[in-house]
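Labels for the chains are A, B, C, D, E, F, G and H, by order of writing; each one numbers its residues from 1.
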Amino acid sequence: MKSSPEHRLDLGRRQRLGMVEAIWGEHKSAEQIARILEELHRAGELALVTRVSPEKAEAVAALLGRERGEAWLLQHHPQARCLSAGLLPSPESRLGRVAVLSGGTSDLPVAAEAQLALACHGIATELVLDVGVAGLHRLLERLEDLRHADVLIACAGMEGALPTVLAGLLPQPVIGVPVAVGYGVSAGGVAALHGMLASCAPGLTVVNIDNGYGAAMAALRILGCGPGRSAAWTQGS
Amino acid sequence: MKSSPEHRLDLGRRQRLGMVEAIWGEHKSAEQIARILEELHRAGELALVTRVSPEKAEAVAALLGRERGEAWLLQHHPQARCLSAGLLPSPESRLGRVAVLSGGTSDLPVAAEAQLALACHGIATELVLDVGVAGLHRLLERLEDLRHADVLIACAGMEGALPTVLAGLLPQPVIGVPVAVGYGVSAGGVAALHGMLASCAPGLTVVNIDNGYGAAMAALRILGCGPGRSAAWTQGS
Amino acid sequence: MKSSPEHRLDLGRRQRLGMVEAIWGEHKSAEQIARILEELHRAGELALVTRVSPEKAEAVAALLGRERGEAWLLQHHPQARCLSAGLLPSPESRLGRVAVLSGGTSDLPVAAEAQLALACHGIATELVLDVGVAGLHRLLERLEDLRHADVLIACAGMEGALPTVLAGLLPQPVIGVPVAVGYGVSAGGVAALHGMLASCAPGLTVVNIDNGYGAAMAALRILGCGPGRSAAWTQGS
Amino acid sequence: MKSSPEHRLDLGRRQRLGMVEAIWGEHKSAEQIARILEELHRAGELALVTRVSPEKAEAVAALLGRERGEAWLLQHHPQARCLSAGLLPSPESRLGRVAVLSGGTSDLPVAAEAQLALACHGIATELVLDVGVAGLHRLLERLEDLRHADVLIACAGMEGALPTVLAGLLPQPVIGVPVAVGYGVSAGGVAALHGMLASCAPGLTVVNIDNGYGAAMAALRILGCGPGRSAAWTQGS
Amino acid sequence: MKSSPEHRLDLGRRQRLGMVEAIWGEHKSAEQIARILEELHRAGELALVTRVSPEKAEAVAALLGRERGEAWLLQHHPQARCLSAGLLPSPESRLGRVAVLSGGTSDLPVAAEAQLALACHGIATELVLDVGVAGLHRLLERLEDLRHADVLIACAGMEGALPTVLAGLLPQPVIGVPVAVGYGVSAGGVAALHGMLASCAPGLTVVNIDNGYGAAMAALRILGCGPGRSAAWTQGS
Amino acid sequence: MKSSPEHRLDLGRRQRLGMVEAIWGEHKSAEQIARILEELHRAGELALVTRVSPEKAEAVAALLGRERGEAWLLQHHPQARCLSAGLLPSPESRLGRVAVLSGGTSDLPVAAEAQLALACHGIATELVLDVGVAGLHRLLERLEDLRHADVLIACAGMEGALPTVLAGLLPQPVIGVPVAVGYGVSAGGVAALHGMLASCAPGLTVVNIDNGYGAAMAALRILGCGPGRSAAWTQGS
Amino acid sequence: MKSSPEHRLDLGRRQRLGMVEAIWGEHKSAEQIARILEELHRAGELALVTRVSPEKAEAVAALLGRERGEAWLLQHHPQARCLSAGLLPSPESRLGRVAVLSGGTSDLPVAAEAQLALACHGIATELVLDVGVAGLHRLLERLEDLRHADVLIACAGMEGALPTVLAGLLPQPVIGVPVAVGYGVSAGGVAALHGMLASCAPGLTVVNIDNGYGAAMAALRILGCGPGRSAAWTQGS
Amino acid sequence: MKSSPEHRLDLGRRQRLGMVEAIWGEHKSAEQIARILEELHRAGELALVTRVSPEKAEAVAALLGRERGEAWLLQHHPQARCLSAGLLPSPESRLGRVAVLSGGTSDLPVAAEAQLALACHGIATELVLDVGVAGLHRLLERLEDLRHADVLIACAGMEGALPTVLAGLLPQPVIGVPVAVGYGVSAGGVAALHGMLASCAPGLTVVNIDNGYGAAMAALRILGCGPGRSAAWTQGS
């Protein structure tokens, strides 16, 4: 029996699931992230690292050095709190369109994470902001527009009613993303999560709190972006 | 030091708060309820007993006997799960109008409790049913009508989004009543309660789960039905 | 302002969302259910009532009487704990195929509710039973077979790991349904719910505990069964 | 389909609800707040930003610069943790009087937020401090005085019994605001929240923990400050 | 190693702690209770069995038979939901006086359990009923009287504020007993429990929900009823 | 793709894990259990069904009929709430000794389930009853005796301190089983579970609440009862 | 109606309850604490401020200045995290003896707060450290010694079993103080709190998590230190 | 009665349980840790201090000084967040082999704590990393290898399914360690804990969240490392 090295990437994931390798950066050190990026670069894979603070992003960049950073196309996406390495594919609208809605400005980082994760797979997204249910007319104004999306990702904190109202009005798949924005009973996002799960609108599905990446991958599954297409998602060289 | 008898009514409540004495019947035996009704009858007070099952209502009626039941105007309100004894005042619209809304048929008992508790104080109410947010148009159709109410009581189970949407559309006082209707994360009404407390609509207030009576008393306070008017709420003889 | 009747159906739902009207029967009396079925029959709509105990099903049938029951094609589905009224459409495989998986025999009622709800919309389903992760080989044996489904609905109680393992192996949309089967920390299904939400498998989405109907409607949305097709889902006359 | 800009204000809120636009500042950056203030200034609206730390307040002021800060009448209210921009209307007692009570010194920021939010609408408030129920006489001494208020806002942390005792003694509307002051079981304010919801005093309503702003808006609704009056709440020019 | 019989009594408890052996009857069968009573009778000990439903009490009596029941002085205390066997000592006021207060009629079973448990040790108690804080004057009227008690046991459900108010007014030891009377957030007694633990009144202590027996034993410890006095608490023959 | 039958047994479990097939009976109907027993009988396997109420046990026996019941050696174990079918192996002390301790009489069903599950694998157990930590001497008296056990299974409800005290005194593996016996904060067994997990005694491990079967299987794993020995655990014919 | 100043001390507390005025410092600023100390000094009262960090203690001292600090006998008690101002009375053993026990070194701050709060009232205390139940012999060794205490205060984090074991062995009043020391399920002290409330040892009472001060005041009530004696607890001048 | 010093070590633990004295460093100051190390050194005992931040480790080293640090063989283990003092014994494979598995890189600190705690007792361990169930093949590849381990310790955050899958595949004792890695519902590790307790795999046992040390001690108990062998675990002199 032999101990394994400090990390073992699941390089078969793109073949198996048609998804780019994504690294959850929150509990990893800059050193661990840099080593993982190196390995993915060597394997010719596009890489997405989520939940990276500005400080950690900077530390990773410093560890790699400017030369490698440029060669690997390392990019920091501050609003989405992510790093990417490798060439992001151009969005192709024939793959489907995803609308990402958010109840308020405070939900932006989660919405941006979902947008970036889809962009890594060549999926075009539109952001529809500040359509919280306390000012319903702002949502109703956009309704016709939203009919053209294939999947709706609705990010909301507080009481999280946006996906419920949306799923009562439109027939497409609606993925609710509870956001950890709030205070008192809504702190941490559990009130929004429960509101979405308890929804009286039929067929709404939900992902974990703040899980913009997961909502994006669910949309990708829905768009049928199976293994057959995945060749396009390598580093782009 | 002398032990007190088994119950002591708060007969000053009508003078102090302008409210009819209400008895929470859930954990009381039929015998205890009958004794309390007797005491209130002797004091010339109108009585409202909430949370009374059909079986308990029958047992109370049997204990009092037909003669006393008739003399005291004992009434069972099955939908509201309540008993009343004494003459309910005629509703007077000059005291104000309260609209009681409910998300679905399952919320009816709570809405009916609120209506009856207001009826005990001569307040006129209207019931607006099945206006859940998953079929928003049913609510929007009633909007103009609702502008004429002085207070809105909104009962909702599941994700409890009705009062939020309502308070975003109308300027009156809105009292949310979470209802213990649901399953999984919405069982027991906590998801609805948290949804209402977490609401992004400004100025929505909330009472305990299933507390139709409490919402009615809050509406009464708002309508300014202070001690001065309470003379009308005796047994009506 | 006029009080509304005891229930108001959302008859626009089929047009808006492409979904048959479904009634949540748990907190409704047999009388309320019978009145709703009557109204839907008059409107020429297929009806599905969920969460109906055998006793309540019998009471509804008795209230309607044998003649109307037969004319309306009233059916009791005991395993799914549902009633339907109207002719269920024949399953058409061109609408897509949904596999419904379950961890154990105890999850059957939830799986059966999902199957029936899809059957009401003409969607073909297959049941794949007893593939809990404690005996992984039973799932692995079925893997190739499962590649042909368009959507996977995975019902699981206890620790709820089945959808996680599934979503790590297959690229299709996976909808997890936590089941309220268990005891101690798994009683009520919250451990399974949290296990699915916390899943490290990318793109898994979740519905409320025991919500087989909701998972079916999510699958329907994914299969793109929009308003355009809904003409087929009337009573079948 | 076109993506929306980073925020969209609900400028119809004053017309619809009779309320000044309020911005929840906690999860917004100084840059986002500054941009929103600019937009509101351009629209001629009075602005209230809540949950602003001293550091963020300073950063906003720096971003705007001294000239604009003065022109816009930018004010930092440190105890209430708020920013306002525009001329606050003079309090008019004919609009009604609100008493804001607090159990202890630690509840002051929440009470001050409620007072400021009412001041933005020209409502006069009085602060009644340190009337916690562990020293009941301090509350009883103020009772006669409190009879002259139209609405009572009671802020309390720990066990949150103040609004219960108050609502048992006085007939006016009482709005309980649980405060996140405490430790152990009272940390975060949930014990106070539950104590208020569970109250045996009839007609007490509750808002979310620390939601002084929400309590103020509920009081405003009660005082009947509807759309008709809102002309007065522009920037004061 | 030898397996032990089905139960082993802690007969040293009276010597060690000065307390009568008490049996928690809730999860025990009538057969198990009968066997334990037999063993305690043989050991010459007074026995108290708590949490016994009327049906179980009857079953125990039937198992023992009338003769043994009479010889052992078997008594059913329906309000306290207890059985006792053996002669209860006469209350001796020199051992101290305990006042048992309750917020409402629904708290009576818990208060009665506490009174009976003290009666088993010869302690005199007084019951002070219906002194809930929503009608404060009822409590204030009894204040002078209560100054003569050595220990105060305060039973309260709902928001559980009674012991807080009491401990703010009087200097004696106050033991709070949360009662599982309520609904919504107060169902099960946790809101009352947390309210008492979070109390801002200094020096209030608390026992488990519904634990009237435990509060009585805490009072006994306070009254200094140590091992030296316990001779009096045998069967009384 | 073909739907599977209603249940699929994991007949490889004995080979893989060295464990008899066990069926969790709580959520299964008598019909389902009877069908599973039939299948196991045909496969020549010993069967254990846990969480079977007396009524369900009787229904299963009736469904099978007396003849099959006898031929299959069907046995009801009322204290353990289990059914077994097939010949239980004779306990062999060379396989190791397990002591099953319990805090009180109310924990017996859980302890008995653990004993029976071990008996199905030929493991000898001893029951040590009523050794709760409130009467510590009863445990200390048995200490020397307990040194001879290979594994200690400690069942406890209420505060669940027994396994902590035990693991502080003895060096063997200690498996804590929280028991759902209690009321208030200890109702449902979560207080006991958390007490055991939080234990300051090093090396205590825990299973789910009431999971006597799981504790037994953990003991079996510890005793090294691997696949090699499992031949002995067939029906015994 | 006139707004009250920023704080109003309850100067009648010493007369009413026999307790020194104590200020909970956690949510108060150094400025607020300094103003309160000034007011208490002027009233000739001894002052105790709890939950004061070293930084805040220093800030208060700086605000008062060296001269006033010395004149007022301002003292920082770092282990107890408290400030006192005024002369602490000499401990008088005739007032009773309190033993403060703690499970481990990490519980020291809570134990020290209890000791200091009693010292402010002239009560002698002994500290008995590191007597956690995982090493039971350390507690058993001290048992005889503990028999001489009038009240036992037992502080424990983790599973919180110490007060249970203690109350099973000794007949005095035992006050359990759960301590927020632990991780995982014991983080925050709730597991210890529930363990103490769920205790199978009769007559154990409990205070809020980390509430050393509250346990001390409960002990003071038990020792009978009523209003009559309170003259001694002024500033000592 | 005499107060005890600030800490009292349980030096009998090695004799009683066969375990090295371990100090939980999280809530202790560097000064307290240094004093404890000194005492253990004087007693000739090997010492392990867990949960020590890099800053605290440095502070302890500074307090002891270089000379004593070297003489005592003080070592900082940054990945395991531990300090040790004294000579660690050489691993002896005849004592048994433990495999420590982890779902991802983020679980490493917990796995490393378990490895170090076993190393302190001379037990050889292997680390098997990144075998989370979302990429099942990585685990299946290692299966044959894992058959040679005597005990399996499986660390996992998120949904915590790893130990369930493992215990369904292999017959050895499996100890699950939930890890506080995650966000939303998995934050803090409770979802992983509940997933492991709720596991449908028979015989899996669990320790507290992040308790790598506890899992190691449970493995030690299983390996039969009783008091007889403990002579080897002194400082190595």
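Keep in mind that, in the parts below, contacts are C-beta pairs under 8 Å (C-beta built on N, C-alpha and C of every residue); 3 or more make two chains touch, one makes a residue touch a chain.
Owing to the predicted nature of the structure, the values given are computational and were not obtained by experimental measurement.
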| item | value |
| --- | --- |
| Interface residue overlap between copies chain F and chain G, same or different (over half shared) | same |
| From the options F-G, A-D or G-H, the pair that copies A-B, where over half of the contact pairs coincide | F-G |
| Whole-Å gap separating chain C and chain G, where each centre is the average of the chain's CA atoms | 58 |
| CA centroid of chain D to CA centroid of chain G, Å | 36 |
| Interchain centroid distance [CA atoms averaged], chain F/chain H, Å | 29 |
| Junction residues of chain B, two or more chains touched | 104, 134-135, 168-169, 184-186, 190, 193, 197-199, 202, 208-209 |
| Listing of all chain pairs that touch each other, if any do | A-B, A-C, A-D, A-H, B-C, B-D, B-E, C-F, C-H, D-E, D-G, E-F, E-G, F-G, F-H, G-H |
| Contact set on chain C toward chain B in their complex | 1-10, 12-13, 24, 26-28, 32, 51, 178, 180, 188-190, 193, 208-211 |
| List of chain A residues in touch with chain C within their complex | 16-19, 22, 168-175, 193, 197-199, 202-209, 213-222, 225-227 |
| Interface residues, chain E side, partner chain D - complex | 103-104, 132-136, 158-161, 164-165, 167-169, 182, 184-186, 190-202 |
| Touch list for chain H against partner chain A, complex | 97, 99, 104-106, 108, 126-131, 134-135, 137-138, 145-146, 148-149, 181, 183-187 |
